[in-house]
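The chains carry the letters A, B, C and D, assigned in the order they are written, with residues numbered from 1 in each.
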Amino acid sequence: MKLEQAVCVEDMARLARQALPRIAYDFIDGGVEGEVGLARNRSEFDRYKLLPRYLVDVASRPQTVTLFGREYTAPFGVSPMGLAGFFRKGADLMIARAAAKAGVPYIMSSASCDSIEAAVKEAPGTTWFQIYGTRNPDITMDLVRRATALDVPVLVMTIDTPVIGKRERNMRNGFRRPMKMTPDVILQGLSRPAWTLAYLREGGIPMMQNWQPYAAAGASADDVADLYGTETPAPGQTWEILEAVRAAWPGPLAVKGVLHPDDARRAQAIGADGLVVSNHGGRQLDSAPAPIEMLPAIVEATGGRMEILVDSGVRRGSDIGKLLCLGARAALVGRPAMFGAAAAGEPGVAHVFRILRQEIDLLMGQMGWPDLSAARPECLIDTRS
Amino acid sequence: MKLEQAVCVEDMARLARQALPRIAYDFIDGGVEGEVGLARNRSEFDRYKLLPRYLVDVASRPQTVTLFGREYTAPFGVSPMGLAGFFRKGADLMIARAAAKAGVPYIMSSASCDSIEAAVKEAPGTTWFQIYGTRNPDITMDLVRRATALDVPVLVMTIDTPVIGKRERNMRNGFRRPMKMTPDVILQGLSRPAWTLAYLREGGIPMMQNWQPYAAAGASADDVADLYGTETPAPGQTWEILEAVRAAWPGPLAVKGVLHPDDARRAQAIGADGLVVSNHGGRQLDSAPAPIEMLPAIVEATGGRMEILVDSGVRRGSDIGKLLCLGARAALVGRPAMFGAAAAGEPGVAHVFRILRQEIDLLMGQMGWPDLSAARPECLIDTRS
Amino acid sequence: MKLEQAVCVEDMARLARQALPRIAYDFIDGGVEGEVGLARNRSEFDRYKLLPRYLVDVASRPQTVTLFGREYTAPFGVSPMGLAGFFRKGADLMIARAAAKAGVPYIMSSASCDSIEAAVKEAPGTTWFQIYGTRNPDITMDLVRRATALDVPVLVMTIDTPVIGKRERNMRNGFRRPMKMTPDVILQGLSRPAWTLAYLREGGIPMMQNWQPYAAAGASADDVADLYGTETPAPGQTWEILEAVRAAWPGPLAVKGVLHPDDARRAQAIGADGLVVSNHGGRQLDSAPAPIEMLPAIVEATGGRMEILVDSGVRRGSDIGKLLCLGARAALVGRPAMFGAAAAGEPGVAHVFRILRQEIDLLMGQMGWPDLSAARPECLIDTRS
Amino acid sequence: MKLEQAVCVEDMARLARQALPRIAYDFIDGGVEGEVGLARNRSEFDRYKLLPRYLVDVASRPQTVTLFGREYTAPFGVSPMGLAGFFRKGADLMIARAAAKAGVPYIMSSASCDSIEAAVKEAPGTTWFQIYGTRNPDITMDLVRRATALDVPVLVMTIDTPVIGKRERNMRNGFRRPMKMTPDVILQGLSRPAWTLAYLREGGIPMMQNWQPYAAAGASADDVADLYGTETPAPGQTWEILEAVRAAWPGPLAVKGVLHPDDARRAQAIGADGLVVSNHGGRQLDSAPAPIEMLPAIVEATGGRMEILVDSGVRRGSDIGKLLCLGARAALVGRPAMFGAAAAGEPGVAHVFRILRQEIDLLMGQMGWPDLSAARPECLIDTRS
């Protein structure tokens, strides 16, 4: 299959599987434990049907949305993903550029390989920044400081990672964090020699550039990854860290990883402007509900006064349409963008965006939505009620 | 398998699959995107069970129904399908003739290959005509004028195609509309040499004869297909076009593709006499409900004062029986008739009718229905309630 | 697998499949149309769970039940099945004898190969007789007369066969009724040479001895089968035939094939003493509910004043236990007995009885049922409510 | 797969399957009849989702629980399992030791191979003792006397075995109880020569040491197994035996195998201190509900005044978490420990404990549970309501 032949987002996963050694593909694709939650993230979308209206003038169907005061060209963006550079050298910036060209937001992870400074330089209006609480809160606060200096449009604080989920595929494949290239791992790489050669040519594990400033001068890529692994996750962090971030950061703040309506309310009380309702793509708690299950209760809890984005399992334009009907402002995709980058670099990411945009376009046509404000709860039929 | 060995409608799909190259079979058989809706069209029938009554005199079991003032011999007919001539030269007229002989309605699509004039000539009492809104409304109105001149029994206006659904099988197979015979497509044809030879002998892509009058004099089949592809779909069309058609057309008017009860009500207010509740066989909106799910609400919304037909996924006599119980006057089949024509020409279509008629006959015997007025809601058990 | 190795009823199906040519096995095993109902007959049993009670004295666990005034040793019997002699010469009498030895009822079909006179002679106390309405009601009435002369314990009138269901496996295999040994059929037989040789040695299609008296003197087996095929089914028969049978037959009368509570009430009003709630083993109406679904409503409709038996899909002791909890007096098995006879003759049938009896025995032990009167609705948990 | 590579409990089943002949593996793994209940024990856990809370300080996550007045280091223990020594010589004591080292309870079965005296000697604080009612109640009472003499922390009386369930895998494999090494069984053993050689070297079937005192002096292992098979199960036993045990035993008493809330109440009235809600791992009544289904009603029935443990199908830390949310004090695992012992001896059992402990640790982190008292009903989402 060539890139142009990928007709849907899942085709991009197939392309990536062809390009990557199993240890790398599984790192991206995998969930936790029995991967029940991973499957549920998809199946919960099927719970809803969409009831179309016809003979509405849908000759023009703009997908524009406003998120935190800025306009984007489509109701989707890219979730923050660490380690992208491991899968393809420079992947972070590829995604950043593709998003900028498409006019959609890309949330750079602080665990990325390229730096936020580089990303903002290449893709200034559309690059948001995501941080984690660290054991030493000074690091978190310094990341906030850098975001402020760069004037990123939105700062995202992820809270659903007090511990790292049990990723059994990684355990079986011998993937470890901080990542070390053991002979075992290299052996697995031999099934995808092109990828492995490139990887070795680049000098192995890439530097986590956002974290380099916090390591000793001259620290190697491995040293920095070790530091990252020591400082995160930070299970002792509480709502105080969010308060500190809120106090320090002047711009729009979104909290990512919220599933409980009370946590949503708490974030709102602290002054967060938005949420990413997410179960981390099924990578943290296998028994967690799918975000779409919690969305209505969270919209209600926050009284419509927070901007709500959703990710985890979004693969089709219709998934996005359903989320909008239930009150989301936009959806985010994680793996699809990473697969795009791993399979074909920036054009791969652009292709994913093109597919989603086209599916939304046809959905709007079918549903009789001249614009996205027409996506309302009445358009949905819930199979379960 | 020979035609006589086809014992059920699905066998006809198997026969067609043997006869057609994949690109052609998939065009007929396929749905959109993940084909969730296609599967749902079947599974929703299984939601209902039928509760039989015994020791009723069912020695005679007439299947007669009256549709828009005319009597037909069975409670089913054929949905409009474009491009039939591509699958088998002359397929439109084969279906028309088989329907006339069987005494059931056949709805010719305006996107057919043979012309409505030819069809009415061969099958006068049973050929209905289906139109789409076109970008240039004059074409729609001229099609209405021709229907009026031919005095077709019923005019059907399809409204569920403001855009064309994303048919991923076509994309994968390289099928394009307007259809062009690329080397790639021909290559696929080699696996079914009989079909391909016949196709080439006929001179390739057949002329869309209903549209020929709207093209320049001397336009080729490809030119006409191009024109069709420019004029449809017409996403800017609104209820005004239905009003115009209603004003121009003196006979019974049915609106096809309605799923929302409010759209049904609107069509009724404009003066339509009937509806085809349909999701276009799962070919337009993958998340759409199955028609049988919406049927009760639509029957209620229209207060029993519209004649309601249903299609999408009808494959068994019992499917038809269930629809009648829920308030439909008759059911339509799309693909089954097309598969019949593709596999074995007019006798193939007749065989499909025979199968359905026999299944309905046995169903009436089992249910204790001396005629179809006995098919009532009380006969159904809904698994979900 | 040898007979002793068959540990459950489904193993008997496996043994029969090994012994019979496909055309014969499928005739027994098959349902109608898509065989949705066949699967539902099994799955509806799984809908119910059983809640055990412990530390009840279950040292002795008699399975005795009283049916129509006579005592039997277990709460199950054998459903009437025609054509048994086709599958194994003398099968009717094998089942009759096995039932008599086990002390459970066997309902001989009037479409059997051996005669009711022979069966009653071999198995007097336990052989019941089942009749159909015939086009010429004199035949029905003469069968009643013979049952009266033989003083069979119970007469069963089957009402769920106004027409014959569409048995697609038979259509595909070339099985026809009245059965004729075409070359095609014989060809199929070659895969099971032992069965086919025995079949041919016996002189082909066996005589339907119950019907022989109604054919012309000297009629061949085929002639009698033809007569049977002309006289049944009798779609014109109404409740009047049941009234006539009721008037003529002095003993206990059960009506078989009832699914609708109103039909149950009607049979009760006419004076029937019992019912067999049944969907004919999924062989008549593919969309019919499973009998267990209708049982509670039928028990209620008849106010506990009819003796209710149930068949269709019973394969486990726990299935029988669930039916008893919902108000049945006993269950019947069809195919299991036929498979037993086809695979291993009378010992095969006895083995099926032994398996069921043991499963019921252990069920009573587990449930804390010292006898079967302890099987009550409170013991059930309905998964759906 | 090596032991260290087993990442989840189910991997331990895979390891055991590699080590054991089928007859032995199936004895452990199997359920009864169609094994519907076995599957349900797993699927009912998936019915519940867990709703996480974030930004709670979960830097320290002690798993300590108090059971019957003693503290254990994790909310799980090992269910009683007979015959362990058949699967690996000395398995009972291996499990006992592993449990003691891990600080979790191990319930020795009175049908074990090693004696309770030996187990208490090796693992004094953590070894509980499980008894059955016997036909001759003196044996039961003597087992109680021995438990008293040994001062075991908890005595468990299992009541769900008035008869032995129909274990079809054992029937197919030729496994019989009391177990005899027939040539057939030995033949099966040849596929796992290492196991079989060890088995033969040890002198075949191991002595049931807890029962040796009740057999004649000099009785062989087979004789003792015969005695056991005569004395149990004891279907005539009633609540009187529990009263007698309660009167004789001064320590904490738990009743195992309760599913009905009324049985729970009765046990409470007799003075039992705790329950093991269990369906014997799906080995007794195939139609029984999963314990988690009955847990809420049993917690309510006993008014929170009994200590409630649950087993049957527990395989993940999240299963245990869900049970705690619904009111259980702890969970027990049966097969996982046996598989651990069979595959790798004491280290195998320890590995199972390690896996569960780690999964609970991560679950507590994700859920925002600083200790296990935070596991409450509000944390659950029931898919069915």
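As a convention for this text, a contact is a pair of C-beta atoms (placed from the backbone, for glycine too) under 8 Å apart; a residue touches a chain by one contact, two chains touch by 3 or more.
What you are looking at is a predicted structure, and each value in this text was computed from that prediction instead of being measured.
The fewest steps needed to get from chain B to chain D, moving only between touching chains, is 2.
Relative orientation of chain C with respect to chain D corresponds to a rotation of 90°, obtained by superposing CA atoms and rounded to a multiple of 5. Chain A and chain D, compared by their mean Cα positions, are separated by 43 Å. Note: centroid distance chain A to chain C, computed from Cα atoms, is 61 Å.
Pairwise chain contacts in this structure: A-B, A-D, B-C, C-D. For chain C in complex with chain D, the residues that touch the partner chain are 5, 7-8, 46, 48-59, 61, 316, 318, 321-322, 358-359, 361-363, 365-368, 381.
Touching chain B in their complex are the following residues of chain C: 33-34, 36, 159-160, 162-166, 168, 171-172, 235-239, 241-242, 257-260, 262-263, 266, 284-289, 293-294.
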